[in-house]
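Take this structure first; my questions come after.
Naming follows writing order (A, B, C and D), and every chain is counted from residue 1.
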Amino acid sequence: MTSQGPVKVGIIGSRFEADIHAASIQMVPDAAEVVAVASPTPGHPEALAEKYGIPRVFHDYHEMLREPDIEMITITAPNYLHCQMTCDIANAGKHVVCEKPLSVTIEEADQMIDTCERQGVLLMYAEELFFTPKYVKAKEMADEGALGKLYMVKQMEKHFGPHSQWFWDVDRSGGGAFMDLGCHGIAFCYWFLNRPKIKSVYAQMGTYVHTDKTKGEDDSICIIEFENNARGLIENSWARRGGMEDRIEVYGEGGVTYADLHMGNALPTYSEYGYGYAVEKAPTTKGWTYPVFEELWNYGFPQEMRHFARCTRGKEEPAATGEDGRVVQEVLYAGYESARRGAKVELPFCPIGVKRPIDLWLLG
Amino acid sequence: MTSQGPVKVGIIGSRFEADIHAASIQMVPDAAEVVAVASPTPGHPEALAEKYGIPRVFHDYHEMLREPDIEMITITAPNYLHCQMTCDIANAGKHVVCEKPLSVTIEEADQMIDTCERQGVLLMYAEELFFTPKYVKAKEMADEGALGKLYMVKQMEKHFGPHSQWFWDVDRSGGGAFMDLGCHGIAFCYWFLNRPKIKSVYAQMGTYVHTDKTKGEDDSICIIEFENNARGLIENSWARRGGMEDRIEVYGEGGVTYADLHMGNALPTYSEYGYGYAVEKAPTTKGWTYPVFEELWNYGFPQEMRHFARCTRGKEEPAATGEDGRVVQEVLYAGYESARRGAKVELPFCPIGVKRPIDLWLLG
Amino acid sequence: MTSQGPVKVGIIGSRFEADIHAASIQMVPDAAEVVAVASPTPGHPEALAEKYGIPRVFHDYHEMLREPDIEMITITAPNYLHCQMTCDIANAGKHVVCEKPLSVTIEEADQMIDTCERQGVLLMYAEELFFTPKYVKAKEMADEGALGKLYMVKQMEKHFGPHSQWFWDVDRSGGGAFMDLGCHGIAFCYWFLNRPKIKSVYAQMGTYVHTDKTKGEDDSICIIEFENNARGLIENSWARRGGMEDRIEVYGEGGVTYADLHMGNALPTYSEYGYGYAVEKAPTTKGWTYPVFEELWNYGFPQEMRHFARCTRGKEEPAATGEDGRVVQEVLYAGYESARRGAKVELPFCPIGVKRPIDLWLLG
Amino acid sequence: MTSQGPVKVGIIGSRFEADIHAASIQMVPDAAEVVAVASPTPGHPEALAEKYGIPRVFHDYHEMLREPDIEMITITAPNYLHCQMTCDIANAGKHVVCEKPLSVTIEEADQMIDTCERQGVLLMYAEELFFTPKYVKAKEMADEGALGKLYMVKQMEKHFGPHSQWFWDVDRSGGGAFMDLGCHGIAFCYWFLNRPKIKSVYAQMGTYVHTDKTKGEDDSICIIEFENNARGLIENSWARRGGMEDRIEVYGEGGVTYADLHMGNALPTYSEYGYGYAVEKAPTTKGWTYPVFEELWNYGFPQEMRHFARCTRGKEEPAATGEDGRVVQEVLYAGYESARRGAKVELPFCPIGVKRPIDLWLLG
């Protein structure tokens, strides 16, 4: 591998999330450049390559792994493929950026962490909320003591359903809205509170609106109790109309702060005629809308990619690791188990042989 | 009793809540007038009487009950006195307006309902959120189908601690923030969803900030599952800085609405010099503040008092009854029990002999 | 006239504004009741009478003036009729409530004031912004010194065009958006600053969008310089999409406050299906909307009507008088003259024989 | 000059604005790097150099101009020095980035443009609002037709007074709040409307609060009429309490959009204890505040610097030029003249021999 110039990156996948990775990396040209994309569906990786000027295209990611100059590979494939891909990448001696959630099972998470460690490559967990600039500002204030001792951190992510069809299929996703979106909230609260030990998890969930589309839950509430006497409250939904919602509330004995990535950053706009693009998952651009600006930057994707590229070069320590993803995975397990039991589940909670987290709720 | 002119009202109590009753009734002179106030502490009822021009003052409420022209009595005394007072009023043949929560125990609630029914007087439950005009608008829209089938109703009430000292003493209050403020949220969700049967209650709570002041919980989260496949999510706090917060969020399969009684109604204001009054529990009037206007009206107190007066005359049916208060009481019991168990509690849940709801959590 | 019980009111007119008067008076039953309505169009007054239970209907307002028990008459007819009606009412010995603007010409305003004074009746000017509770709160804070010495007061009222067709016809209205809506802003700034002498007026206006409908201006900006070294900045539009906008901003050397009657009081709502009513002039109830609650109360109409009724009984002094309306009229003249000249116009400015204020701009 | 790697930049000045340039360029390392700073005050350039790792320090900017590898020089010195510095830089064969306003007089602006043109270097006008991402989004929507034909663009910038003392001295600044802040609004409206010809300018201004500090105006309102039947409305203040305000409102026949860089992007926060930094010119970090995140990026400074660096290399065409700055200068002249006359001033308006724009108002 070279260690000069931008880090050379390969992307596995070619759809929604792969596009975000390519666009984000293009925004930090000093740190990284996408040199390859791999996706099995004919035409898909070619389209992404053309859009972003990516020189190399593969239909089999194993071939991409043989490219000697590629230093970092990002995984945007469905959840059930994360583990195998990560291990293959690590075994090829390249650093891994894996989209959230880290895996389907805890065993997979352990295997991913072990393999990367053994191979001496980084396993970086693509939790962009750790880089979302508005949320980072909240954390900076909290860390400076603005809010005193924190006793509750809330995070909500809601919309009317995922962008890719495979999410509805719990065999490929491993769970519904809680797994898809709750993984953000779990990681967020854990990070915001500076990674205290987790004592217990309670979750309440159901399939309230999309019973025709999925066996997975489409709305969930999760309460996490931490050792430092603080809690996380996480709300997620695939049933919320009106576009995306991503918000936090932080309560401390000395203060409170609120951050809203959508209505709170937007340009309230009324349009008779509509316009090009408002925001991810916006239902329309006519009437009153809440368009956002520089969406990727406000989510933190380019900042995240720059950071991962710098980690790849040893200039920074990963702020989001496989270990973080593994904690999330355990909370997901505990949450589904809790939803079935109707009781909070104490951690550690690592049942053996669970095929998909949602099984603890559906089949338990 | 007369049946012409404004309903003649007597108030038991003379502090914060009594002041609200007196001020609110003064705003609906067509419907009611306060003719008497009773409170044992010398000077207190006199002060209220002078402020609002109330002609008769008593230090023993039993004496007030002997006044033949008084038709409706409102109770603003501490929770543990509600039952005895209600029964005394009913036995005096007068209609009762009882502040929230209805009682300390379920047995008391039953006794209050029975006594009023037997005496043929109304037991009206002073849940002002049923009259809060902004929340009423949300309910109208929901009832018109604007949001489709509802699957979640949220209500939050938070501030930095109660106005009267007796609230901190669980012997007199029966519980902390969940009892003091959660009774609003429980009633609200139940009412908003048109009183579906309640299946289960989960609550998480703790004493996070005010351990020096109270044994009661100062922050709580409560999830109620209803029979019609909807839930309530209720958050309460005595630990939230920055003044009052009273908000709702309503989610349906066809839409969503938000209402905020404070920051969402206020005049964002910066003042170097300060001013007279911003809002209940505001910490200051200097710097940036969120003053509200016509606070009582925006909470719905005058509308509530007009309604109760009209009920007293048989012109309207009570929109908030002892039965509503009894439902709230049962959910409070279940919530405290749940917080101890760490598991949701199925309803009906009526344990015998509980002295204070909070005992189910503290002593359980 | 009686002097017991609610003031007996007759309304001239039967459309949009008459409906507001009837509804508002119904909300203050202790103070006033509508006992008669007069409007020449067959069916119209009858419809209003039925909707609000008004017992007496007239097609000729002169007949209504002969009813001995009516004490106060409100005028909701087109502007060009205000003067004649006011004089007729005064000559019948009844108190007058005249909708804004007070008149078309200054001569009319003078005649109205003189006639009412001579007849010993009140000429009350229906500027509801003096009673808008959110704006009243802003004024209370300012009067308490919260903002220090004020140097600028802004008021904006904008929507996409008037509710009644006669507004588009400058022969009947006397002017466009500046006359229709600017009269509010002029009165507001004058009142908010406690009626300082007006030094000069500058206005800029044009017909930007509705050239097919009107010769009147559909968007205007007006700057008023007051003697106490403060200014008013008033923006008005019949060309603003997305529903009503009514906002103020107040700047003082010691602070600033903002109040928004629509987006700032509303329940942000997304609805797939729509609902009954959002707010005056809202284009739709589907998608994102900003429904308001208790619209009349939040504009201050019932409070205004209660006040005028109490003035009629001598219990209060009119807070909005013919003199206020006359000041507004002079500023309207000066504004139109200024728009033509492209220069500010010093007050007093009372050109003789102007038929319609807008003529100073159109024909000047 | 080299044409590989980041553009080498020298900064003239070492205070508030110089710091912004250095910080912003550090955020776009792929495009530019600061290699030198020049400022006459001993210690000042050294401090900036240390903070940002700038290798070369000069006390005489002429020496910096002799460095052969520096390609682009940014000017952050007081307004009255802009012209001489620009000419010196151009004569040294380097590209110029000049802070706003471009100059004090129109003659200077002309000279700057001419000199740069003759020397074949770029004169880039540092109007960051052309790069402010939220405002850029508004313009994109407008250009896509979302709002139909625009008839009014508003921009407001207000705070409680400038960061550097020389602004208060009209001899060095050339004017007050209108010159300091209005130059942004003038440029903004002109750019947003796609540079239509300007027909007339009206301005109203005064020294309302800071009469002890300055002869310059501390609050101004400006109306610009454009040839395409649209207007700009620009409000500026050095007398607005509560921190920075930078907002736009855009009105078209088909819609409206609002963007607020401060309260509209912030994290509403209550803090008992305070924290490090909220936002430029925030009076405190205790109580309720509106901290922003990534302030420079949200203003558009790094984007602007990247753009200018790319222009220096011929990869992009300057989006903000000396010609833009010259238009602003003419409107500033016309505005001050108008404020004196009390009448709008038609363009072109280029009086000869005006020493400072404000003289047209003060001395006129």
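Descriptive notes on the structure:
Please note the rule applied: contacts are C-beta pairs under 8 Å (C-beta built on N, C-alpha and C of every residue); 3 or more make two chains touch, one makes a residue touch a chain.
Values in this document were obtained by computation on a predicted structure and should not be read as measured data.
Comparing the centres of all chains, each the average of its CA atoms, the largest separation from chain B belongs to D.
By number of C-beta pairs in contact, B-C leads when B-C and A-C are compared.
Remark: chain A and chain C have CA centroids separated by 54 Å (rounded to whole angstrom).
Distance between chain centres (mean CA atoms), chain B to chain C: 39 Å. Touching two or more other chains at once are residues 241-242, 254-256, 268, 270-272 of chain C. Chain contact topology: the protein chains form a complete graph, every chain touching every other one. Contact residues of chain B toward chain C in the complex are 28-30, 133-134, 136-138, 140-141, 144-148, 254-259, 264-265, 267-276, 285, 291-294, 297.
Against chain A, the residues of chain B that register as touching in their complex are 149, 151-152, 200, 202, 204, 206, 208-209, 219, 221, 223, 225, 229-231, 233, 235, 237, 239-242, 251-256, 341-344. Residues 241-243, 263, 268, 270-272, 283-284, 286-290 of chain A are the ones that touch chain C when the two sit in their complex.
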